[in-house]
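This is the structure I have questions about; it appears just below.
For clarity, chains are labelled A, B, C and D in written order, and residue numbers in each chain start from 1.
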Amino acid sequence: MPTILLTGFEPFGGETVNPSWEAVRRLDGWECRGHRVAARLMPCVFGAALDTLERAVAETDPVALLAVGQAQSRAELSLERVAVNLDDARIPDNAGNRPVDVPVVAGGPTAYFASLPIKAIATALRSAGIPAGLSHSAGSFVCNHLFYGACHLRAVRRPDLRVGFLHIPLAPEQAVRHPGAPSMAVGQVTAGLRIAVETILATGEDCHEAAGTLE
Amino acid sequence: MPTILLTGFEPFGGETVNPSWEAVRRLDGWECRGHRVAARLMPCVFGAALDTLERAVAETDPVALLAVGQAQSRAELSLERVAVNLDDARIPDNAGNRPVDVPVVAGGPTAYFASLPIKAIATALRSAGIPAGLSHSAGSFVCNHLFYGACHLRAVRRPDLRVGFLHIPLAPEQAVRHPGAPSMAVGQVTAGLRIAVETILATGEDCHEAAGTLE
Amino acid sequence: MPTILLTGFEPFGGETVNPSWEAVRRLDGWECRGHRVAARLMPCVFGAALDTLERAVAETDPVALLAVGQAQSRAELSLERVAVNLDDARIPDNAGNRPVDVPVVAGGPTAYFASLPIKAIATALRSAGIPAGLSHSAGSFVCNHLFYGACHLRAVRRPDLRVGFLHIPLAPEQAVRHPGAPSMAVGQVTAGLRIAVETILATGEDCHEAAGTLE
Amino acid sequence: MPTILLTGFEPFGGETVNPSWEAVRRLDGWECRGHRVAARLMPCVFGAALDTLERAVAETDPVALLAVGQAQSRAELSLERVAVNLDDARIPDNAGNRPVDVPVVAGGPTAYFASLPIKAIATALRSAGIPAGLSHSAGSFVCNHLFYGACHLRAVRRPDLRVGFLHIPLAPEQAVRHPGAPSMAVGQVTAGLRIAVETILATGEDCHEAAGTLE
């Protein structure tokens, strides 16, 4: 059965859980429209995250990859539009690396667009009552690093692998220690991931409703 | 069996649901520590809200009242500390009233403090993984109006009735139409209300951890 | 010549300047509509701030007092509507005091409303191109402490002294160290204070345009 | 004398001024380190903005271009890092165009990085007491459109033209009608532009302090 690969990250930045992995792991083995979900955990480490991803792709041979990561300031499921060829780490990663102004892939293009139908996914999520939107920057830490690396893998070796990245809010039990931070229940994130997978499999060309930002 | 009164509001401001009532109604009849919860729906109308509250109090004779209301900008369960003797409506209420700079109760004191153990409730909520905090203003619309009216009822006629007000975030299905707005699942709000009721019944004097704001 | 008293605070919370004092001090001795401004510096210390204020009032015998304080999260000149009888300090004051859940004045009323024409001031500021609005909470630190103490002074000993409190944004040179924090040039704050003083002297009864908040 | 080109935009989105042009126009003809500033007004129109820019570049033959635009949600001078080959307009431009999901330049690369020393500029601004930082997205409206077009011009025809984009807050007189919006005095923006020009001319290679974002 063909595979959809979902990835989540290990905890970082002093947290003891990462809701991206908590949500993704619940879908390991789930079957949808003739495909099976494979869930894989990524280290929050520059370089090692890409190595782990490449092994997971080689092993599962997926038709689509949706990487998921935690974003403390977001209130909604946030589909990233652009992966940038830039590592600029404000804090160290989990191995103590702190690259500044170096490319993810030396000689790679400046950026890639997501190749999943992200507008259709956002619309399907909102129709199901789950707050969702598009984002034009995944930052410059390990999330963007993994997203760019995955897009590059598609560009150079796996043209049939559609790639996207989803940033998710903190889990409520994390937000407890960050006064005022928005949160989303992990169960709702998982429900959103099911909708995303269904939409990926049901959608060829993305829809084109306006979803831009002014600034 | 003695009663705990929980109130929620009807929808307002163009919404078709109000998560305060959706969360509160699920607890109608719930028994906790020898008390039974009575849930009542309040109109989002100046004056009429207080009439409805007074009837509900007369009918249920509660030992404690926790009024609940929707707050679009809040990300957490927000326990109000101060009820102010002021109506100043930026939008009309559900009956078209728009009072400006009039007291809730003519001749009443400028403000009342909540009489529930709100710091203990916030601590218990956070311990259970539910984002919560204190707020120093319930605004000047119908939420504050009801809160002040309830405090005044306690002051003049029901000294044994402990009173508090809880502001809650939008439900996710509402936040879908308010890009960037934080939200909380109604099920989590209901879980939080159970904890609040338990804490009210288990707590005599409130705890005194610092929970102030600088500005 | 009758006096208008303006007060600013000394720096606190690790800052080396306080824009409230930087703006206020520039107006010391300014004459407006037959009144002279007296500017006084307040310590950021519970208790001592009130002592200093009482001496300044005794010395200058003002017809009106506008106390000014720094508020890191505000983007506009923010006229406080309510002073609350509560000290609840999240950080120590400049003398190391950290009162929690104690009244500003034992036995005092729960709150006072400002007695300056704050809606007229906000309208005049906006007409002059200076962002301004009303706020329903001055917090529970030394700013609210001073505001409440001034209101109480009016209530018990100086019925002719009109009292208000203005929260102002960080100065730009402070915001430099707080990424994303809004700021306002001290020169613009001073221009705003001139307008506030003129409006206080020109206005008897405050205007009553809606300026409430929903939550 | 060699030229530095600064551009600002005409008002859009219902505003009657655009602070980018108000700040830029004040520097027309200013001489700095053997260079003269040319200030040009850009229409807030897809396509026409690029035509106007190309003419301005042809006419002034600049060594560097700093394009400036208004960003309502920003509190600081915000140096854009990435221009994306995407038009996705949430509102119509000043000619009524509303492109959705079309490239700025058909066949162009997905993105360009700024070629001005933006980290050095941000550091110089903060040293001068002016709030400043980096941004990883200029949105998908006419600002990003102009930024991308300028970067593409450099890539295909003017390799010696260094290009950057600066987003600036609302002017205070605009923020008056947007309660809670941060603002910056136009005089401070102009002071910041002088520092930016000086830094561009004094800096060869950009500095490499970490300035990334996590998400």
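Everything that follows uses one rule, which is that a contact is a pair of C-beta atoms (placed from the backbone, for glycine too) under 8 Å apart; a residue touches a chain by one contact, two chains touch by 3 or more.
Since we're looking at a predicted model, the values are computed, not measured.
**Q** Chains in contact with chain A and with chain D: which ones?
**A** none
**Q** Based on CA centres, what chain would you say lies at the far end from chain D?
**A** Most remote chain from chain D, centroid-wise, comes out as B.
**Q** What whole-Å value do you get for the distance between chain A and chain B if each is reduced to the mean of its CA atoms?
**A** Chain A and chain B have C-alpha centres separated by 38 Å.
**Q** For chain B and chain D, let me know how many angstrom lie between their CA-based centres, rounded off.
**A** 47
**Q** Which chain D residues sit where two or more other chains touch them?
**A** none
**Q** If we use the touch criterion from the header, which chain pairs count as touching?
**A** Chains touch in the following pairs: A-B, A-D, B-C, C-D.
**Q** If you look only at chain D, which of its residues touch chain C in the complex?
**A** Listed in rising order, the residues are 75-76, 126, 129-133, 172-173, 175-176, 179-185, 187-188.
**Q** Please output the residues of chain B touching chain C within their complex, sorted ascending.
**A** 13, 69-74, 81-82, 84, 86-91, 98, 100-101, 109-113, 135-141, 143, 167, 206, 208-215
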